[in-house]
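In order of appearance the chains are A, B, C and D, and numbering begins at 1 in each one.
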Amino acid sequence: MESITLEEARAVISAAEKKAAEIECPMDIAVVDAGGNLKAHVRMDGAFVGSITISINKAYTAIAFKQETRHLQEETRPGGSIFGLSDAHGGNLVVFPGGIPLVREGRIMGAIGVSTGTVEQDQEVAEAGASAY
Amino acid sequence: MESITLEEARAVISAAEKKAAEIECPMDIAVVDAGGNLKAHVRMDGAFVGSITISINKAYTAIAFKQETRHLQEETRPGGSIFGLSDAHGGNLVVFPGGIPLVREGRIMGAIGVSTGTVEQDQEVAEAGASAY
Amino acid sequence: MESITLEEARAVISAAEKKAAEIECPMDIAVVDAGGNLKAHVRMDGAFVGSITISINKAYTAIAFKQETRHLQEETRPGGSIFGLSDAHGGNLVVFPGGIPLVREGRIMGAIGVSTGTVEQDQEVAEAGASAY
Amino acid sequence: MESITLEEARAVISAAEKKAAEIECPMDIAVVDAGGNLKAHVRMDGAFVGSITISINKAYTAIAFKQETRHLQEETRPGGSIFGLSDAHGGNLVVFPGGIPLVREGRIMGAIGVSTGTVEQDQEVAEAGASAY
(Lines give C-alpha, C1' and ligand atoms only; values in the text may rest on other atoms or scores of the structure.)
Protein backbone atom coordinates (compact mmCIF):
# COMPACT_ATOMS: atom_id res chain seq x y z
CA MET A 1 0.00 0.00 0.00
CA GLU A 2 1.50 3.27 -1.08
CA SER A 3 0.93 5.66 1.72
CA ILE A 4 2.46 8.40 3.80
CA THR A 5 5.84 7.62 5.41
CA LEU A 6 6.70 8.35 9.03
CA GLU A 7 9.15 11.02 7.90
CA GLU A 8 6.40 12.72 5.92
CA ALA A 9 3.93 12.35 8.78
CA ARG A 10 6.43 14.02 11.09
CA ALA A 11 6.88 16.93 8.70
CA VAL A 12 3.10 17.36 8.62
CA ILE A 13 2.88 17.25 12.41
CA SER A 14 5.81 19.61 12.78
CA ALA A 15 4.20 22.23 10.55
CA ALA A 16 0.93 21.86 12.44
CA GLU A 17 2.69 22.20 15.79
CA LYS A 18 4.45 25.34 14.64
CA LYS A 19 1.13 26.91 13.73
CA ALA A 20 -0.44 25.77 17.01
CA ALA A 21 2.39 27.39 18.94
CA GLU A 22 2.04 30.55 16.88
CA ILE A 23 -1.65 30.89 17.73
CA GLU A 24 -0.94 29.79 21.30
CA CYS A 25 -3.29 26.85 21.27
CA PRO A 26 -1.72 23.47 22.14
CA MET A 27 -3.29 20.69 20.09
CA ASP A 28 -3.70 16.98 19.65
CA ILE A 29 -2.43 16.23 16.16
CA ALA A 30 -2.85 12.86 14.45
CA VAL A 31 -1.82 11.54 11.05
CA VAL A 32 -3.34 8.37 9.56
CA ASP A 33 -2.29 6.47 6.44
CA ALA A 34 -4.28 5.92 3.26
CA GLY A 35 -6.13 3.04 4.91
CA GLY A 36 -7.20 5.18 7.86
CA ASN A 37 -4.77 3.56 10.31
CA LEU A 38 -2.79 5.71 12.77
CA LYS A 39 0.70 6.62 11.62
CA ALA A 40 1.69 9.18 14.29
CA HIS A 41 0.13 11.27 17.04
CA VAL A 42 1.27 13.95 19.45
CA ARG A 43 -0.53 15.64 22.29
CA MET A 44 1.12 18.99 22.83
CA ASP A 45 1.56 20.00 26.47
CA GLY A 46 -1.72 21.51 27.58
CA ALA A 47 -3.87 19.93 24.86
CA PHE A 48 -7.00 18.00 25.83
CA VAL A 49 -7.01 14.32 26.75
CA GLY A 50 -10.50 14.23 25.25
CA SER A 51 -9.04 15.37 21.96
CA ILE A 52 -6.73 12.38 21.54
CA THR A 53 -9.53 10.31 20.09
CA ILE A 54 -11.17 13.27 18.35
CA SER A 55 -7.96 14.09 16.48
CA ILE A 56 -7.48 10.47 15.42
CA ASN A 57 -11.13 10.19 14.39
CA LYS A 58 -11.00 13.43 12.42
CA ALA A 59 -8.11 12.04 10.41
CA TYR A 60 -9.97 8.72 9.99
CA THR A 61 -13.12 10.51 8.86
CA ALA A 62 -11.18 12.45 6.23
CA ILE A 63 -10.03 9.10 4.79
CA ALA A 64 -13.40 7.43 5.25
CA PHE A 65 -15.24 10.02 3.17
CA LYS A 66 -12.35 11.36 1.05
CA GLN A 67 -12.95 14.94 2.10
CA GLU A 68 -12.30 17.52 4.75
CA THR A 69 -14.43 16.89 7.82
CA ARG A 70 -15.75 20.46 7.67
CA HIS A 71 -17.66 19.54 4.50
CA LEU A 72 -19.76 17.14 6.55
CA GLN A 73 -20.96 19.83 8.93
CA GLU A 74 -23.88 21.43 7.14
CA GLU A 75 -25.67 18.30 6.01
CA THR A 76 -25.35 16.62 9.41
CA ARG A 77 -27.09 19.45 11.24
CA PRO A 78 -30.71 19.06 12.32
CA GLY A 79 -32.67 19.48 9.13
CA GLY A 80 -29.72 18.32 7.03
CA SER A 81 -30.00 15.33 4.75
CA ILE A 82 -27.59 13.17 6.75
CA PHE A 83 -28.37 14.35 10.27
CA GLY A 84 -27.45 11.43 12.50
CA LEU A 85 -24.38 10.40 10.46
CA SER A 86 -22.10 10.86 13.44
CA ASP A 87 -24.14 8.31 15.42
CA ALA A 88 -24.29 5.77 12.63
CA HIS A 89 -20.78 4.37 12.68
CA GLY A 90 -20.05 3.18 16.19
CA GLY A 91 -18.84 6.54 17.41
CA ASN A 92 -15.76 7.19 15.33
CA LEU A 93 -16.84 9.83 12.86
CA VAL A 94 -16.30 13.55 13.37
CA VAL A 95 -18.48 15.95 11.41
CA PHE A 96 -16.88 19.31 12.15
CA PRO A 97 -13.67 21.03 11.02
CA GLY A 98 -10.13 19.83 11.66
CA GLY A 99 -9.67 16.74 9.47
CA ILE A 100 -8.02 17.07 6.04
CA PRO A 101 -6.85 14.50 3.48
CA LEU A 102 -3.18 14.59 2.48
CA VAL A 103 -3.10 14.46 -1.31
CA ARG A 104 -0.25 13.86 -3.76
CA GLU A 105 -0.74 13.81 -7.51
CA GLY A 106 -4.46 13.50 -7.04
CA ARG A 107 -4.27 10.53 -4.69
CA ILE A 108 -5.12 10.51 -1.00
CA MET A 109 -2.05 9.26 0.83
CA GLY A 110 -3.15 9.92 4.39
CA ALA A 111 -4.94 12.51 6.50
CA ILE A 112 -4.35 14.88 9.39
CA GLY A 113 -6.72 15.48 12.29
CA VAL A 114 -6.40 18.30 14.82
CA SER A 115 -8.38 18.95 17.99
CA THR A 116 -8.45 21.00 21.23
CA GLY A 117 -9.05 24.53 19.95
CA THR A 118 -12.09 26.15 18.44
CA VAL A 119 -13.03 24.54 15.15
CA GLU A 120 -11.52 27.53 13.38
CA GLN A 121 -8.24 27.01 15.21
CA ASP A 122 -8.33 23.25 14.60
CA GLN A 123 -8.90 23.87 10.90
CA GLU A 124 -6.15 26.48 10.66
CA VAL A 125 -3.64 24.14 12.30
CA ALA A 126 -4.74 21.18 10.17
CA GLU A 127 -4.32 23.29 7.04
CA ALA A 128 -0.84 24.30 8.11
CA GLY A 129 0.00 20.62 8.57
CA ALA A 130 -1.56 19.56 5.29
CA SER A 131 0.26 22.23 3.32
CA ALA A 132 3.59 20.74 4.45
CA TYR A 133 2.80 17.55 2.54
CA MET B 1 -36.67 -18.13 10.01
CA GLU B 2 -37.32 -17.95 6.32
CA SER B 3 -34.94 -15.50 4.84
CA ILE B 4 -33.15 -14.26 1.74
CA THR B 5 -30.71 -16.63 0.03
CA LEU B 6 -27.23 -15.67 -1.11
CA GLU B 7 -28.33 -16.04 -4.71
CA GLU B 8 -31.17 -13.61 -4.11
CA ALA B 9 -28.91 -11.22 -2.21
CA ARG B 10 -26.54 -11.23 -5.16
CA ALA B 11 -29.34 -10.43 -7.56
CA VAL B 12 -30.33 -7.50 -5.34
CA ILE B 13 -26.74 -6.26 -5.17
CA SER B 14 -26.28 -6.72 -8.90
CA ALA B 15 -29.32 -4.58 -9.70
CA ALA B 16 -28.14 -1.94 -7.25
CA GLU B 17 -24.65 -1.94 -8.75
CA LYS B 18 -26.05 -1.54 -12.23
CA LYS B 19 -27.99 1.54 -11.13
CA ALA B 20 -24.96 2.92 -9.28
CA ALA B 21 -22.86 2.54 -12.41
CA GLU B 22 -25.59 4.18 -14.47
CA ILE B 23 -25.66 7.26 -12.24
CA GLU B 24 -21.87 7.16 -11.99
CA CYS B 25 -21.75 6.94 -8.24
CA PRO B 26 -19.83 3.93 -6.84
CA MET B 27 -21.52 2.65 -3.69
CA ASP B 28 -21.20 0.44 -0.67
CA ILE B 29 -24.08 -2.01 -0.91
CA ALA B 30 -25.08 -4.38 1.88
CA VAL B 31 -27.81 -6.98 2.20
CA VAL B 32 -28.86 -8.41 5.58
CA ASP B 33 -31.20 -11.32 6.28
CA ALA B 34 -34.54 -11.29 8.10
CA GLY B 35 -32.63 -11.37 11.40
CA GLY B 36 -30.66 -8.26 10.53
CA ASN B 37 -27.40 -10.16 10.07
CA LEU B 38 -25.08 -9.45 7.13
CA LYS B 39 -25.65 -11.70 4.15
CA ALA B 40 -23.45 -9.97 1.56
CA HIS B 41 -21.61 -6.69 1.04
CA VAL B 42 -19.63 -5.08 -1.75
CA ARG B 43 -17.66 -1.86 -1.82
CA MET B 44 -17.55 -0.75 -5.43
CA ASP B 45 -14.19 0.68 -6.51
CA GLY B 46 -14.19 4.31 -5.45
CA ALA B 47 -16.92 4.02 -2.82
CA PHE B 48 -16.26 5.32 0.68
CA VAL B 49 -14.56 3.30 3.40
CA GLY B 50 -16.72 5.23 5.85
CA SER B 51 -19.80 3.89 4.08
CA ILE B 52 -19.01 0.23 4.71
CA THR B 53 -20.52 0.44 8.16
CA ILE B 54 -23.18 2.95 7.15
CA SER B 55 -24.49 0.66 4.39
CA ILE B 56 -24.59 -2.35 6.72
CA ASN B 57 -26.28 -0.29 9.44
CA LYS B 58 -28.86 1.09 7.01
CA ALA B 59 -29.85 -2.45 6.11
CA TYR B 60 -29.88 -3.43 9.78
CA THR B 61 -32.04 -0.44 10.68
CA ALA B 62 -34.57 -1.35 7.99
CA ILE B 63 -34.96 -4.76 9.64
CA ALA B 64 -34.82 -3.40 13.16
CA PHE B 65 -37.80 -1.11 12.62
CA LYS B 66 -39.46 -2.90 9.69
CA GLN B 67 -39.44 0.15 7.48
CA GLU B 68 -37.34 2.20 5.10
CA THR B 69 -34.75 4.24 6.96
CA ARG B 70 -36.00 7.41 5.29
CA HIS B 71 -39.22 7.14 7.31
CA LEU B 72 -37.19 7.62 10.50
CA GLN B 73 -35.79 10.96 9.42
CA GLU B 74 -38.46 13.45 10.38
CA GLU B 75 -39.30 12.10 13.82
CA THR B 76 -35.63 11.83 14.83
CA ARG B 77 -34.93 15.50 14.18
CA PRO B 78 -34.78 17.88 17.15
CA GLY B 79 -38.38 18.48 18.16
CA GLY B 80 -39.38 15.08 16.77
CA SER B 81 -40.94 12.48 19.02
CA ILE B 82 -37.97 10.11 18.84
CA PHE B 83 -35.13 12.62 18.65
CA GLY B 84 -32.11 10.79 20.08
CA LEU B 85 -32.98 7.45 18.53
CA SER B 86 -29.74 7.34 16.58
CA ASP B 87 -27.78 7.58 19.84
CA ALA B 88 -29.88 5.01 21.62
CA HIS B 89 -28.59 1.79 20.16
CA GLY B 90 -24.83 1.70 20.49
CA GLY B 91 -24.10 3.54 17.28
CA ASN B 92 -25.57 1.26 14.66
CA LEU B 93 -28.80 2.91 13.60
CA VAL B 94 -29.10 5.12 10.53
CA VAL B 95 -32.00 7.57 10.35
CA PHE B 96 -31.70 8.85 6.79
CA PRO B 97 -32.49 7.38 3.36
CA GLY B 98 -30.83 4.34 1.80
CA GLY B 99 -32.13 1.35 3.77
CA ILE B 100 -35.09 -0.64 2.46
CA PRO B 101 -36.71 -3.92 3.59
CA LEU B 102 -36.90 -6.73 1.04
CA VAL B 103 -40.45 -8.01 1.13
CA ARG B 104 -42.07 -11.13 -0.35
CA GLU B 105 -45.76 -11.92 0.09
CA GLY B 106 -46.01 -9.43 2.88
CA ARG B 107 -43.08 -10.80 4.85
CA ILE B 108 -39.75 -9.06 5.39
CA MET B 109 -37.08 -11.46 4.17
CA GLY B 110 -34.08 -9.14 4.38
CA ALA B 111 -33.02 -5.58 3.69
CA ILE B 112 -30.66 -3.59 1.50
CA GLY B 113 -28.54 -0.63 2.61
CA VAL B 114 -26.68 1.72 0.27
CA SER B 115 -24.21 4.50 1.07
CA THR B 116 -21.63 6.86 -0.48
CA GLY B 117 -23.79 9.15 -2.61
CA THR B 118 -26.25 11.85 -1.68
CA VAL B 119 -29.23 10.46 0.20
CA GLU B 120 -31.26 10.76 -3.00
CA GLN B 121 -28.67 8.68 -4.87
CA ASP B 122 -28.43 6.16 -2.05
CA GLN B 123 -32.21 5.81 -2.02
CA GLU B 124 -32.41 5.46 -5.80
CA VAL B 125 -29.80 2.71 -5.83
CA ALA B 126 -31.40 0.94 -2.87
CA GLU B 127 -34.75 1.02 -4.64
CA ALA B 128 -33.20 -0.45 -7.77
CA GLY B 129 -31.77 -3.24 -5.65
CA ALA B 130 -34.99 -3.84 -3.74
CA SER B 131 -37.06 -4.02 -6.89
CA ALA B 132 -34.94 -6.95 -8.09
CA TYR B 133 -36.23 -9.03 -5.19
CA MET C 1 -3.91 3.46 -2.20
CA GLU C 2 -3.17 0.58 -4.52
CA SER C 3 -5.27 -2.26 -3.36
CA ILE C 4 -7.48 -5.12 -4.44
CA THR C 5 -10.35 -4.26 -6.80
CA LEU C 6 -13.91 -5.49 -6.39
CA GLU C 7 -13.53 -7.64 -9.47
CA GLU C 8 -10.47 -9.28 -7.96
CA ALA C 9 -12.17 -9.66 -4.59
CA ARG C 10 -15.07 -11.42 -6.30
CA ALA C 11 -12.73 -13.81 -8.07
CA VAL C 12 -11.15 -14.64 -4.71
CA ILE C 13 -14.56 -15.18 -3.09
CA SER C 14 -15.76 -17.23 -6.03
CA ALA C 15 -12.81 -19.60 -5.80
CA ALA C 16 -13.31 -19.91 -2.05
CA GLU C 17 -17.03 -20.60 -2.48
CA LYS C 18 -16.31 -23.28 -5.03
CA LYS C 19 -14.02 -25.06 -2.59
CA ALA C 20 -16.53 -24.62 0.25
CA ALA C 21 -19.22 -26.22 -1.90
CA GLU C 22 -16.86 -29.02 -2.84
CA ILE C 23 -16.17 -29.89 0.80
CA GLU C 24 -19.83 -29.33 1.62
CA CYS C 25 -19.21 -26.71 4.25
CA PRO C 26 -20.98 -23.36 3.68
CA MET C 27 -18.80 -20.47 4.81
CA ASP C 28 -18.66 -16.80 5.63
CA ILE C 29 -16.04 -15.35 3.31
CA ALA C 30 -14.67 -11.81 3.61
CA VAL C 31 -12.10 -9.84 1.64
CA VAL C 32 -10.50 -6.67 2.99
CA ASP C 33 -8.27 -4.18 1.19
CA ALA C 34 -4.63 -3.33 1.93
CA GLY C 35 -5.74 -0.99 4.70
CA GLY C 36 -7.80 -3.69 6.41
CA ASN C 37 -11.18 -2.24 5.36
CA LEU C 38 -13.95 -4.54 4.11
CA LYS C 39 -14.17 -4.86 0.35
CA ALA C 40 -16.69 -7.69 0.01
CA HIS C 41 -18.36 -10.35 2.10
CA VAL C 42 -20.73 -13.25 1.50
CA ARG C 43 -22.46 -15.57 3.92
CA MET C 44 -23.22 -18.76 2.05
CA ASP C 45 -26.60 -20.29 2.82
CA GLY C 46 -26.17 -22.31 6.00
CA ALA C 47 -23.02 -20.55 7.22
CA PHE C 48 -22.92 -19.16 10.76
CA VAL C 49 -24.16 -15.71 11.71
CA GLY C 50 -21.44 -15.76 14.36
CA SER C 51 -18.87 -16.18 11.63
CA ILE C 52 -19.71 -12.93 9.85
CA THR C 53 -17.53 -10.97 12.22
CA ILE C 54 -14.98 -13.76 12.60
CA SER C 55 -14.42 -13.92 8.84
CA ILE C 56 -14.02 -10.14 8.60
CA ASN C 57 -11.71 -10.09 11.61
CA LYS C 58 -9.60 -12.94 10.24
CA ALA C 59 -9.02 -10.92 7.09
CA TYR C 60 -8.30 -7.80 9.16
CA THR C 61 -5.84 -9.71 11.35
CA ALA C 62 -3.96 -10.98 8.28
CA ILE C 63 -3.47 -7.34 7.24
CA ALA C 64 -2.75 -6.14 10.75
CA PHE C 65 0.13 -8.53 11.27
CA LYS C 66 1.10 -9.20 7.63
CA GLN C 67 0.77 -12.94 7.97
CA GLU C 68 -1.63 -15.83 7.94
CA THR C 69 -3.67 -15.94 11.12
CA ARG C 70 -2.65 -19.56 11.68
CA HIS C 71 0.89 -18.36 12.42
CA LEU C 72 -0.42 -16.55 15.49
CA GLN C 73 -1.85 -19.71 17.02
CA GLU C 74 1.10 -21.31 18.77
CA GLU C 75 2.47 -18.24 20.50
CA THR C 76 -0.95 -17.13 21.73
CA ARG C 77 -1.65 -20.40 23.52
CA PRO C 78 -1.28 -20.58 27.28
CA GLY C 79 2.45 -20.71 27.84
CA GLY C 80 3.11 -18.88 24.57
CA SER C 81 4.98 -15.60 24.48
CA ILE C 82 1.99 -13.55 23.36
CA PHE C 83 -0.80 -15.37 25.18
CA GLY C 84 -3.52 -12.76 25.63
CA LEU C 85 -2.96 -11.09 22.23
CA SER C 86 -6.52 -11.79 21.16
CA ASP C 87 -7.81 -9.83 24.16
CA ALA C 88 -5.49 -6.88 23.69
CA HIS C 89 -7.05 -5.14 20.73
CA GLY C 90 -10.66 -4.46 21.56
CA GLY C 91 -11.90 -7.82 20.36
CA ASN C 92 -11.12 -7.81 16.66
CA LEU C 93 -8.13 -10.09 16.32
CA VAL C 94 -8.39 -13.76 15.42
CA VAL C 95 -5.49 -16.04 16.30
CA PHE C 96 -6.43 -19.28 14.57
CA PRO C 97 -6.45 -20.44 10.94
CA GLY C 98 -8.54 -18.97 8.14
CA GLY C 99 -7.05 -15.53 7.40
CA ILE C 100 -4.51 -15.14 4.56
CA PRO C 101 -2.90 -12.06 2.97
CA LEU C 102 -3.40 -11.59 -0.77
CA VAL C 103 0.01 -10.84 -2.22
CA ARG C 104 1.08 -9.55 -5.63
CA GLU C 105 4.71 -8.92 -6.54
CA GLY C 106 5.68 -9.10 -2.92
CA ARG C 107 3.11 -6.55 -1.75
CA ILE C 108 0.08 -7.23 0.40
CA MET C 109 -2.92 -5.97 -1.56
CA GLY C 110 -5.68 -7.32 0.67
CA ALA C 111 -6.63 -10.41 2.66
CA ILE C 112 -9.25 -13.14 2.81
CA GLY C 113 -10.91 -14.46 5.93
CA VAL C 114 -13.05 -17.60 6.11
CA SER C 115 -15.12 -18.97 8.99
CA THR C 116 -17.83 -21.50 9.91
CA GLY C 117 -16.03 -24.83 9.41
CA THR C 118 -13.28 -26.49 11.38
CA VAL C 119 -10.09 -24.48 11.29
CA GLU C 120 -8.71 -26.97 8.78
CA GLN C 121 -11.73 -26.41 6.54
CA ASP C 122 -11.55 -22.63 6.99
CA GLN C 123 -7.87 -22.68 6.07
CA GLU C 124 -8.45 -24.90 3.03
CA VAL C 125 -11.15 -22.61 1.72
CA ALA C 126 -9.11 -19.48 2.43
CA GLU C 127 -6.18 -21.00 0.54
CA ALA C 128 -8.41 -21.78 -2.42
CA GLY C 129 -9.53 -18.18 -2.42
CA ALA C 130 -6.05 -16.76 -2.02
CA SER C 131 -4.66 -18.86 -4.84
CA ALA C 132 -7.15 -17.23 -7.23
CA TYR C 133 -5.46 -13.86 -6.70
CA MET D 1 -0.86 15.68 37.94
CA GLU D 2 2.80 15.99 37.17
CA SER D 3 3.49 14.06 34.03
CA ILE D 4 5.78 13.54 31.07
CA THR D 5 6.13 16.41 28.59
CA LEU D 6 5.92 16.02 24.84
CA GLU D 7 9.61 16.87 24.57
CA GLU D 8 10.42 14.07 27.01
CA ALA D 9 8.07 11.67 25.25
CA ARG D 10 9.84 12.40 22.00
CA ALA D 11 13.22 11.70 23.54
CA VAL D 12 11.90 8.38 24.78
CA ILE D 13 10.48 7.51 21.36
CA SER D 14 13.66 8.61 19.63
CA ALA D 15 15.80 6.33 21.78
CA ALA D 16 13.40 3.46 21.17
CA GLU D 17 13.41 4.09 17.43
CA LYS D 18 17.19 4.10 17.37
CA LYS D 19 17.28 0.70 19.03
CA ALA D 20 14.55 -0.63 16.72
CA ALA D 21 16.57 0.49 13.71
CA GLU D 22 19.70 -1.08 15.20
CA ILE D 23 18.01 -4.48 15.59
CA GLU D 24 16.31 -3.99 12.21
CA CYS D 25 12.78 -4.38 13.51
CA PRO D 26 10.44 -1.45 12.76
CA MET D 27 8.07 -0.88 15.66
CA ASP D 28 4.94 0.82 16.84
CA ILE D 29 6.01 2.95 19.80
CA ALA D 30 3.57 4.72 22.13
CA VAL D 31 4.06 6.92 25.17
CA VAL D 32 1.24 7.64 27.61
CA ASP D 33 1.18 10.13 30.47
CA ALA D 34 0.80 9.45 34.20
CA GLY D 35 -2.95 9.20 33.70
CA GLY D 36 -2.58 6.49 31.05
CA ASN D 37 -3.64 8.80 28.21
CA LEU D 38 -1.78 8.82 24.90
CA LYS D 39 0.92 11.46 24.66
CA ALA D 40 2.63 10.42 21.42
CA HIS D 41 2.76 7.50 19.01
CA VAL D 42 4.71 6.58 15.91
CA ARG D 43 4.37 3.65 13.56
CA MET D 44 7.75 3.16 11.94
CA ASP D 45 7.59 2.30 8.25
CA GLY D 46 7.03 -1.44 8.03
CA ALA D 47 5.63 -1.87 11.55
CA PHE D 48 2.30 -3.65 12.02
CA VAL D 49 -1.06 -1.90 11.79
CA GLY D 50 -2.24 -4.42 14.37
CA SER D 51 0.42 -3.17 16.75
CA ILE D 52 -0.87 0.41 16.87
CA THR D 53 -3.42 -0.55 19.47
CA ILE D 54 -1.18 -3.12 21.13
CA SER D 55 1.59 -0.57 21.69
CA ILE D 56 -0.82 1.99 23.14
CA ASN D 57 -2.43 -0.65 25.33
CA LYS D 58 0.94 -1.89 26.58
CA ALA D 59 1.77 1.62 27.75
CA TYR D 60 -1.69 1.99 29.28
CA THR D 61 -1.35 -1.34 31.09
CA ALA D 62 1.99 -0.29 32.58
CA ILE D 63 0.26 2.75 34.10
CA ALA D 64 -2.87 0.84 35.03
CA PHE D 65 -1.00 -1.64 37.19
CA LYS D 66 2.15 0.41 37.95
CA GLN D 67 4.50 -2.21 36.58
CA GLU D 68 6.08 -3.60 33.49
CA THR D 69 3.61 -5.61 31.45
CA ARG D 70 5.96 -8.60 31.47
CA HIS D 71 5.31 -9.01 35.21
CA LEU D 72 1.68 -9.78 34.43
CA GLN D 73 2.50 -12.72 32.20
CA GLU D 74 2.90 -15.63 34.61
CA GLU D 75 -0.09 -14.96 36.84
CA THR D 76 -2.44 -14.45 33.88
CA ARG D 77 -1.72 -17.87 32.42
CA PRO D 78 -4.22 -20.68 32.98
CA GLY D 79 -3.67 -21.82 36.55
CA GLY D 80 -2.41 -18.36 37.52
CA SER D 81 -4.17 -16.34 40.20
CA ILE D 82 -5.38 -13.66 37.79
CA PHE D 83 -6.05 -15.79 34.72
CA GLY D 84 -8.70 -13.91 32.75
CA LEU D 85 -7.31 -10.47 33.55
CA SER D 86 -6.82 -9.68 29.88
CA ASP D 87 -10.52 -10.25 29.28
CA ALA D 88 -11.63 -8.25 32.27
CA HIS D 89 -11.15 -4.71 31.09
CA GLY D 90 -12.93 -4.26 27.79
CA GLY D 91 -10.07 -5.44 25.63
CA ASN D 92 -7.34 -2.95 26.39
CA LEU D 93 -4.92 -4.75 28.67
CA VAL D 94 -1.77 -6.45 27.44
CA VAL D 95 -0.20 -9.14 29.60
CA PHE D 96 3.08 -9.78 27.82
CA PRO D 97 6.37 -7.88 27.54
CA GLY D 98 6.84 -4.46 25.94
CA GLY D 99 5.19 -1.99 28.35
CA ILE D 100 7.33 -0.14 30.91
CA PRO D 101 6.56 2.71 33.34
CA LEU D 102 8.67 5.86 33.02
CA VAL D 103 9.84 6.73 36.53
CA ARG D 104 11.46 9.84 37.96
CA GLU D 105 12.41 10.17 41.63
CA GLY D 106 10.23 7.23 42.51
CA ARG D 107 7.13 8.55 40.75
CA ILE D 108 5.55 7.12 37.62
CA MET D 109 5.37 9.97 35.11
CA GLY D 110 4.25 8.00 32.07
CA ALA D 111 4.87 4.72 30.25
CA ILE D 112 6.17 3.38 26.97
CA GLY D 113 4.66 0.54 24.94
CA VAL D 114 6.33 -1.18 22.01
CA SER D 115 4.95 -3.77 19.59
CA THR D 116 5.62 -5.54 16.26
CA GLY D 117 8.68 -7.66 17.10
CA THR D 118 9.07 -10.74 19.25
CA VAL D 119 8.34 -10.02 22.89
CA GLU D 120 12.08 -10.01 23.52
CA GLN D 121 12.58 -7.39 20.81
CA ASP D 122 9.62 -5.35 22.04
CA GLN D 123 11.01 -5.42 25.57
CA GLU D 124 14.52 -4.49 24.42
CA VAL D 125 13.24 -1.51 22.46
CA ALA D 126 10.94 -0.43 25.30
CA GLU D 127 13.87 -0.59 27.71
CA ALA D 128 15.98 1.53 25.37
CA GLY D 129 13.20 4.09 25.32
CA ALA D 130 12.63 4.00 29.07
CA SER D 131 16.30 4.47 29.81
CA ALA D 132 16.26 7.77 27.91
CA TYR D 133 13.88 9.21 30.51
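Convention: contacts are C-beta pairs under 8 Å (C-beta built on N, C-alpha and C of every residue); 3 or more make two chains touch, one makes a residue touch a chain.
Small disclaimer: the values here were computed from a predicted structure and weren't measured.
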Check B-C against A-B and say which one is joined by more contacting C-beta pairs.
A-B
Using residue numbers, check each pair in A-C, A-D or A-B against C-D and return the one sharing over half of the contact pairs.
A-B
Roughly how far is chain A from chain C, going centre to centre by Cα mean, in whole Å?
31
Separation of chain B from chain C, taking each centre as the mean of its C-alpha atoms, in whole Å:
25
Rounded to the nearest Å, the gap separating the Cα centres of chain A and chain B is 28
Set of chain D residues in contact with two or more other chains
49
Overall pattern in which the protein chains touch one another (line/ring/star/complete/other)
other
Please give the residue numbers of chain D that touch chain A in the complex, ascending.
5-6, 9-10, 33, 35, 37-45, 49, 52
Which stretch or stretches of chain A touch chain C in the complex?
1-3, 33-37, 107-109
Sites on chain D touched by chain C in the complex
48-51, 53-54, 57, 73, 76-78, 86-87, 90-97, 118-119
So, in the complex, the side of chain A touching chain B is made of residues 35-36, 61, 63-66, 78-79, 81-85, 87-91, 93
